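Some structures to go through are shown next.
Shared between the two complexes below is subunit A, which has subunit B as its partner in the first and subunit C in the second.
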Partner chain A sequence: MFDMLKKIWQTGQVTKTLPFEEAPERYRGQLLIDPDYCNGCEECVTACPADALSFEKEESHLQLTISFAKCIYCGLCEEVCSPRAIRLTNEYLRATKNPKELTQTFKIQEKRIPMTEGGKQ
Partner chain B sequence: MKTNNPGDQVLHAFNSQVIHFDLKNDNHVVIDIAKEHLPSITRYIRDLGGRLFTMVGSDELNIRGDFSLYYVFAFDKDQSLITVRVSVSEQEPGFPSVTDDLPSANWYEREVYDLFGLEPVGHPHLSPLVLHGDWPEGIYPMRKDFPANMKLPRMKNRDQFMNYEGEGVTQIPVGPIHAGIIEPGHFRFGAVGDTVLHLDARLFYTHRGLEKVSEGVSINKALFLAERICGVCALSHAVSFAQAIERIGKIKVPARAEYLRMLFLEMERLYNHIGDVGNVCAGIGFSFGVSQGAILKEKLMQLNEKLTGHRYLRGITTIGGVRLEFNHDDKILMEKTLGDVRREFEKFVGIMMSHEIVSDRMTSTGRLTREQVEEIGTVGPAARASGRNIDVRKSHPYLLYDQIDFSVPVLTTGDVLARVQQRIEETYQSFAIIGQILNQLPEGPIQTRVGEIPAYQWDMGWTESARGENVHWVMTGPDQTVYRYRVRSAAYSNWPAVALAVPGNIVPDFPLINKSFELCYACCDR
Partner chain C sequence: MMTDNARTLEEMGKELQKKMKKVLGRSLHIRHVDSGSCNGCDFEMTALLNPVYDIQRFGVDFVASPRHADMLMVTGGVTRHLEEAVLRTYEAAAHPKMVVAIGACACGGGIFGESYANYGGVDKIIPVYVYVPGCPPRPQAIIQGILLALDKWYDRK
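And now, the complex of A and B:
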């Protein structure tokens, strides 16, 4: 009995109150997409296991859509993105009451596609 | 010819019946045989010391024109495997059941009947297992002609439970929704007074059709499905799947990646075992134990998150290696945290195991004998606590476990207390394994380039998870896809043991017995 009380007293309080501290550096959270770097190669769409990314051809440009409702934050898109347009951050407070906020679209400028072999070298 | 090799012995004894045989990975013989010889070859293999590792039904109508059944047997002493393959035609969808000779085949054969419509003729208890009684009869979802998105009407429920005759037997239905945050399962007790006479367990409420969904999906995407079979064995499932693919593609994983996989597989075992030792106390209302276990488990999961980015270790496995950096600072952080957790764990179990409420309630409760666990094919800590020395890390070494010095604790009493003690001793082994891995961790690449994976090849991957061995059987399809995926988790092998351990105990001890196995429903149901 006393050994239990002693252990409880030694343990003290372990729960934490809001606001929580930052998530660990390696935590895979919110994606940041920089449309200026994107070349429309669609490697990320192929790699995504959750089909969260898609490209649509608009009149003057390409449109990249990402659904955070589908995203599983695995980070494969970041790995395959050669121009480094996608970056995962450790931002984790992602809850929202408005489902529309879970979809983001980006304009990708036509001039950057298609990626030419010459441009690569 | 070596006569002590089980594969050669079987081939020799069934020389005239064997249609074809093949050698897969040196120590794995694949034997094709006509289905009528299945019971005799099964008996022969069983008597040689083989145990059923997994059994897979596969619709191969469009490859070879029939269904295939693969009975995979493991020989723990020889580190070898034998697969017996039989063909079952669409016109005559029956095959002789082996459950009478090999009780561990019970669930596999019922599952094949449910999902493929292949009937195990002579099965002693052929009732629905995976599909519930409200599924339309005669529709078999794992056949290739059944589309994965098909919607079916719900029928009148045909589920049947044990009927009791005579006076004094009360039926107590429990679940599928429980008073607690646990998964769904329906249990029906036949009780005389306080004592349980019989337990019917109705599982597979969380059957999501994961195997069906992964068919035709690219291998890289299927890996993410494998990771989501279950929460607490996520890494074990992912590594098992990756190993199956790596065997098919003959991919050599770099040593550093294998060490890192082992490192985090042991972390998975640690957080599970420590959490489970604490959580079993919830079965006796011993809240000190519950919270102390939860605190330590939380520390380990936060460590997981810092090191890998994910508390449940998802997203760190890839075909051909790992997606994970691990540097000197990580090693220091890990050593420090695990040192603290180990010290706290020792204090905690010292207090817990010497407390009289723990020994009063756990001793001789939910006892399983060694004969019982061997007969029904129980695996993992539940089997080892009953004296069955079974651990695929030793008997069928994978990754680089053969370079690690550790022992597999085996207890004998087989009661709840033994299963808790078993986990405590395994926890100390895992601490020691992690210590060795951190000291031996080689430098070098963590991924290897993965080339083309050949189509229509099958192989297996296995890992010893915190609940026992997970065996993943994968057949590849064209263009780097999955053709057939069969997951045999530890929970699938161990759920029948729960129903066997409960009768004879009092009803209030059921939660305690159930928690002492700490089985996962999602793993079992898929």
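And now, the complex of A and C:
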């Protein structure tokens, strides 16, 4: 019995008082889109099961719209994105009073044509 | 990225308690309305009452009748059959009819979208105070939604 008490005393407190500081690293939360990396291949639009992503053609650029009122955070867009422009973070506190904040738009420059050696197309 | 997430549950709970006293002067009673959800969001709301989150210690309770409720929490994009249920619950609720849309479906259709059987969002039927996106949102995000709804109710005066 004394061994047990000694062990308890030696181990000390292990439980945390505040274990809810952040979501686990692999939690699928808020999408992070980097428009500089996007090449406008629209793979993510095809993959999205909830039609949350859409591309629109503007005069000089493409516009990527994402609706968080539709997104189910499945992570398929992250999987299919070859230039890795879309990433899912573990950010989750996204409540809002304004419904306009549920949609985000990104400006994407024209489709980049892959360059060959010497800078020639 | 971790600026807002770094807030702990305890801090949020204390803030909630303080704000409730300031805004309502008493505890907050919530009525849960299921308008055709897949039960994912409902489980997250039930998790608020379990020993891990235990929102009742801050003075928030889920009640069985809209007549006792200050706040309606709606989950699910409104289906054709449950439209009447949502409307009648909204009419029966007592005056601060704060409506919080929980989950992507209630915010704007989600995976079910808009169809002949699904309205695609609670805001098409009744006015919504706060939108909590997520599929499903974490219980902390729901607490944040309640905080924002109280804020909006306070600012209205």
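In the analysis below, the second predicted complex is superposed on the first by the 91 of 121 C-alpha atoms of A that agree within 3 Å, B and C clash if a C-alpha of one lies under 4 Å from a C-alpha of the other, contacts with A are read in each partner's own complex, and residues count from 1 in each chain.
The rule is simple: a residue touches a chain if its C-beta (ideal position, glycine included) is under 8 Å from a C-beta of that chain, and two chains touch if they have at least 3 such contacts.
Fair warning: this is a prediction, and the values are worked out from it, not measured in the lab.
Of the two partners subunit B and subunit C, more subunit A residues are in touch with C. When the two complexes are overlaid on their common chain A, residue A:72 makes contact with subunit B and with subunit C alike.
When the shared chain is aligned, subunit B comes close enough to touch A:24, but subunit C does not. In the superposition on chain A, A:8 contacts subunit B only, with no contact to subunit C. Shared-chain residue A:50: touches subunit B and subunit C both.
In the three-chain superposition model, subunit A touches both subunit B and subunit C at residues 23, 49-50, 72-73.
Subunit A contributes residues 3-4, 7-8, 11, 14, 23-28, 47, 49-50, 72-75, 79 to its touches with subunit B in the complex.
Those residues of subunit B that touch subunit A in the shared complex are 220-221, 223-224, 288, 292, 295, 298, 305-310, 314-315, 323, 347-348, 351, 355.
Considering their complex, residues 17-18, 20-23, 29, 49-51, 67-73, 89-97, 99, 102 of subunit A touch subunit C. Within the complex, the subunit C residues that touch subunit A are 1-2, 4-10, 104, 107-111, 113, 121, 123, 128-135, 137-138, 140-142, 144-145, 147-148, 151-152.
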